[in-house]
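You will see chain A twice below: alongside chain B first, and alongside chain C after that.
Up next is the complex of A and B:
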């Protein structure tokens, strides 16, 4: 019974299609046979010719390269190259990317094809109803008017597809291959299903590393977001106090820190906290020889983590302060006067008036800050450069986040790298952060009521 | 009498601790920056010739070396030129793409809009350098690997993903303004060019500046895509490869590229606050 139902549900789109072709006009049928034919039949010669050219161009692409690329996506190459015998061989990785590209082109073409049939039907119905049919010029004009979004979005969407979506799809796909520096072109890469995930969750050294890194990653994301958010808010409130003179001057110092590029700050702090660096000199001066701390050494755990939190707070508080300042300046001052009259003290005003308002206004930013901190690659990368194989870790150290581990797995091993497993890790990160932020974003009031201010 | 006195004492105490905290905070933010400037005047250049926070001797030689030396590990003028080239062109292209995307997403209601918004949110989470292998292959296929233009293409094409702040700004422009123009017979292209663009000058400047500063100080993408050829380096990767005994050179190079950004931020401090707010409240 249930299978029956499912089969029927699966067949529904096809039945719908069948019904469409039974009832539609000749023009739509013509367009379905050859793109643009229906349009020409409707009297829209210019549009028809453009569509026909598009189909011809697509067919030429598909026959010449597209079909081969598409097949390559499944085989990932059949002949292994051999430099000694002079056999060129197949490059699996290039084939993978070109295969994905051909799928994107194919989908785009399918979309255009459906639109073309729909358009032919619509225009034919218009003509039947006795309304005028748009000429080529008018069609172009609608592109600049009702369909202006089509023009404005074409370039951004194309760019994002080629340089963001395509690489992401590629990365996701490599997670299901045995691609590593041992199995890389000219050797053939092949599909291995969920093998990388299985290895990630069964190999002992991986499992223990992933557990420790994930544990720290969550603590890090919560603490660093908390420090930067409330640090910024408190600083903004402090500078906003009535008794503070020269507010611009006080604000200038954090802004100065904000303007210094992040990698410079972090490299600077690495020197400051290094074994023979100024901070240790100061500690020794104050409390004698025993006081020096190996902050960023390979096996240091909580000292290194504390330094990372500290430096990250230094880097992120200024932006958070600017944000809080601007949000606070939008706040209605009358509320505070009313609260004063009612005898609420400063703490109560902060908890019941300031916090809810600031939270509401900055929720989306808070979410993206949390994600940004969860994936904060720079801190561990710059502060602990080159510290990769700490004790009890597989290719990581105590301050590495999942994203650093992914980088180490893919690039940190010199000539011994695991691209497939790294991609599996990136899918893991993606699933975690994606689920979190999609839920948070969709349930946030500013998404639901985006038209409030129109 | 005593009551008003105690209030005054309280007020002074309050003001005193506030200012003390502010002084500490200001010092914490200011000192590392000053330290970097001081370090750039160190005479030996090595991080190991320090007494505490301060170098043993001072000279201007590092600054002279920075602009005159031409060695594999220090080719600063060339790197600076590369960085300028990448940052300026990326800024121009990114701004155009971001403004177009944000405006469209804010003004028009079309079928796939909500889907696209959710998708961009998801793609935004996927950091670019997770895709390094893919980008490497794509850039090689397009002959853009180890090429500054490749960086420009990549920065510009990824920029539209971060359109939300700008969309938040366009959301605040009331529809009535547009409707009036539409009644006067303007089409959407004319509305965009003649009404929206002049209204959003501030936002365009903000976008241009942020999309200039990002490539200007970015490290990860250049590191990935400019392997090998040191003549193609940007300042960021050049500085990162400097060793411990070149610390003053690193400091000088850092100060020099940080100064323009610092000046930029200060001249725009007020605007920055409002620009961020516009995006924050209605993102």
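Up next is the complex of A and C:
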């Protein structure tokens, strides 16, 4: 039953097309047979010739290259290369990219084709109604005047398709192939359907790793955002206090930490918490050899996670403090005076006045901070560089997030790289972060109660 | 929404159905002549070859000397070699097909043969290479570069130097120690039991602020530590990669040895930077002895010269002479039959046995993506020639893979010792198969588990892996981990 409905839904555009051709005029039918023919019939010779040339150019592309590229997208090559024997063979990855490009060109042409038929029909109706039909010059003028947006946006849209959409589609499609450093050109890559996803969710070592990483990833995103956000807010509130003297100096200190590139700070912390670092030296000095803690060792779990949270807080609090300071400077002081008169204490003022206002103003930033932390690659990468095969993990360690795992699978490890599985993980990350961002933003006060502080 | 689902399904279903469609060619067969066709004819003229050598060769000036000599010899043909200026860890598998890789590369046999599996390096016409001449190079060192392809055994690399752990120490540090057999190596370095007892004593007599360690070695390096397991009967792969012999024989005793050694070592031995620290630590006396590969001899030597010049205020020439005399390289100590380093050895012959270590062979290979294969072959032949290999041994301290170069006057005295070990079968060469990467990853985790158990939680004695049974379980689990990892890799 459901399948029938789906088939019906999929066939609807074609039925619509059939109905259109039954009712449309001769010009539209002419343009449907050959692009631009209907326009010529309507007296728009210039426009008709341009459209005809577009169709000829497309057909030439399709016959010479496009069709081969499109077939290549399905086969990913038939002849395996052998550089030892000098056999060039097919390059599956190039074929995949060119195949996607041919689909984009095909879709673009389909859009132009539909517009061409609609235009022929519209112009014919206009002529039938006795209204003047635009000549070529007038059409060009319209393009530069009423439809100027089309001219200005055409190039950026083409750029977006080529440099944004194409790589994204390529990455997504890679998730359905067996592409890895072992199965890469000159070897032929194959389509394996949902094989990578099946492997991710059925192979014991992957399932166990993905479960552990996801568990920590969520805890990390929540805690790191919490410490960073409230750390910055508390610091800003503290420095804003009237009783604090030398505010400029106090504000400058976190800025210093902010000014040092993050990865330099992390390398410093990595040394501090290492076996030979000053923290362990101090522990041993104070309480003897038994007191040393292996903070960032390969199998260290919560000690390493605590260090990661600490370092992330250190790196991100200054930016958060600056943000809170600027938001707090916009607060209406009258509200606090009124609250004072009503007998509200400091905590009540913070909870009922400061927090809602700061939340309202910074919710989109808070969401982006959460997403940023969810995908915070640098902390685990720099603090635990080279630690990628911890016990109970497959190519990961206890502080790795999904994004680090993706990197280890795709590029890290110095051994085999699994691009297909890594792409499947990237789709997973997209689904998680995309869903969260959407829900969090739509339910946030900044979205729901836009007028509150206007 | 339904429309959207229908469109998504319509788009995805063909993708899911594509698997296995089309008749695909591959797995070519060829004759020897066809395989070697790229090397037929006159060498390409007026070409520049990008050569990737290792960092030590570049740092110590050997590489400049090599390309200088080659360029001079082949200037009349317009063939020029130059530094590829890439990281020594550049991956040909990733960069080669894109046209970024070097023309000639120098690497370990396991890596070169990984490239060979997927045709990224060319099979070499050994009959055109002087190093492959009768009796020049032992089959034990050419075998790691051999692979059966197109139905025949082919060579994919030219061996240059043999890699296997050797013991480094300073002569004057052990001047007061006995040498009963008079072989020049102090008795405390003859067996691991003696070394363990010595290290314990040295450490006990040092302070927290200035700790001294009798013995130190990288504890997270699978290559160095695997030898202890091999010595007690383990092997990596049997007849096929599905036969993993990590838990074979009494290999658990090897883990016990690693634990005992870890208990007298510096905690830094588990850090990534250990290998680099070791050069200065041997020179300064913080570490009394260590094991690592012969090709880093020059690093120890430089650190020692540096110490003599900067700390002892010696003239450079005198410092160099003293460093050369003082820096010693010896065979790795013998292991106890019992696997217990705490045992007192009364009869070394019956209670200990010669240690087997992991080994490898570094050599040159030619990228399949080079546009000048014949010129590359000239370079490889030149670099693997007697004169250049002897120079490499003299300048860098490597153990030459060529027999004649290993026996040449002026090369390192320890070259013969290493070669003997190879001939006696006390060096097990790294298998040249891709699946080895899965072994290293899981063995790394296992080593970490046993050493952390001693150095961290146990504070000197193992807690989690205190019994033989627990070590056997860990080995069995590691074998399973390797199998799982290989399943994913396949």
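Some notes on this structure:
The working rule: the second predicted complex is superposed on the first by the 312 of 454 C-alpha atoms of A that agree within 3 Å, B and C clash if a C-alpha of one lies under 4 Å from a C-alpha of the other, contacts with A are read in each partner's own complex, and residues count from 1 in each chain.
We adopt the following convention: a residue touches a chain if its C-beta (ideal position, glycine included) is under 8 Å from a C-beta of that chain, and two chains touch if they have at least 3 such contacts.
Quick caveat: nothing in here was measured; it's all calculated off a predicted structure.
Contacts of A:386 after superposition on the shared chain: chain C is touched, whereas chain B is not. Contact with chain C, but none with chain B, is seen for A:294 once the two complexes are overlaid on the shared chain.
In the superposition on chain A, A:200 contacts neither chain B nor chain C.
When the two complexes are overlaid on their common chain A, residue A:40 makes contact with neither chain B nor chain C. In the superposed model, A:74 makes contact with chain C only, not with chain B. In the superposition on chain A, A:285 makes contact with both chain B and chain C. Look at A:85: by the touch rule set out above, it reaches chain C but stays clear of chain B. Judged by the touch definition given at the top, the superposed model places A:236 against neither chain B nor chain C. Once the two complexes are overlaid on the shared chain, A:97 sits against chain B while remaining clear of chain C.
Put simply, more of the residues of chain A are touched by B, taking chain B and chain C as the two choices. According to the touch criterion, the shared surface of chain A, contacted by chain B in one complex and chain C in the other, consists of residues 274, 276, 285.
Within the complex formed with chain A, the chain C residues making contact are 2-3, 5-7, 9-10, 14-28, 30, 34-35, 37-38, 89, 91, 93-94, 97, 118-120, 122-123, 149, 208, 220, 267-268, 270-272, 368-369, 434, 437-438, 440-442, 444-445, 448-449, 452, 455-456, 459, 481, 484-485, 487-489. Every residue of chain B that touches chain A in the complex is listed here, in rising order: 11, 14-15, 18-19, 21-22, 25-26, 28-30, 32-33, 35-36, 47-48, 50-53, 97-98, 100-101, 103-104, 107-108, 110, 118, 120-135, 137-138, 141, 153-154, 156-158, 160-161, 164, 171-172, 174-175, 187-189, 192, 216-217, 219-220, 236, 239-240, 244, 247, 250-251, 254, 257-258, 261-262, 264-266, 269, 272-274, 276-277, 279-283. Residue ranges of chain A in contact with chain C, taken from their complex: 5-7, 9-10, 12, 74-87, 89, 91, 173, 176, 181-182, 184-188, 190-195, 199, 203-206, 274-276, 284-285, 289-290, 292, 294, 297-299, 385-386, 389-391, 394-395, 413-418. Contact residues on chain A toward chain B in their complex (touch as defined above): 93-94, 97-98, 141, 144-146, 148-149, 151-153, 155-156, 159-160, 162-168, 170-171, 174, 179, 235, 238-239, 241, 243-244, 248, 250-265, 267-269, 271-272, 274, 276-278, 281-282, 285, 314, 318-319, 322-323, 325-327, 329-330, 361-362, 364-365, 368, 371, 375, 377-378, 403, 406-407, 410-411, 419, 423, 426, 429-430, 433-434, 437-438, 441-442, 446, 450-454.
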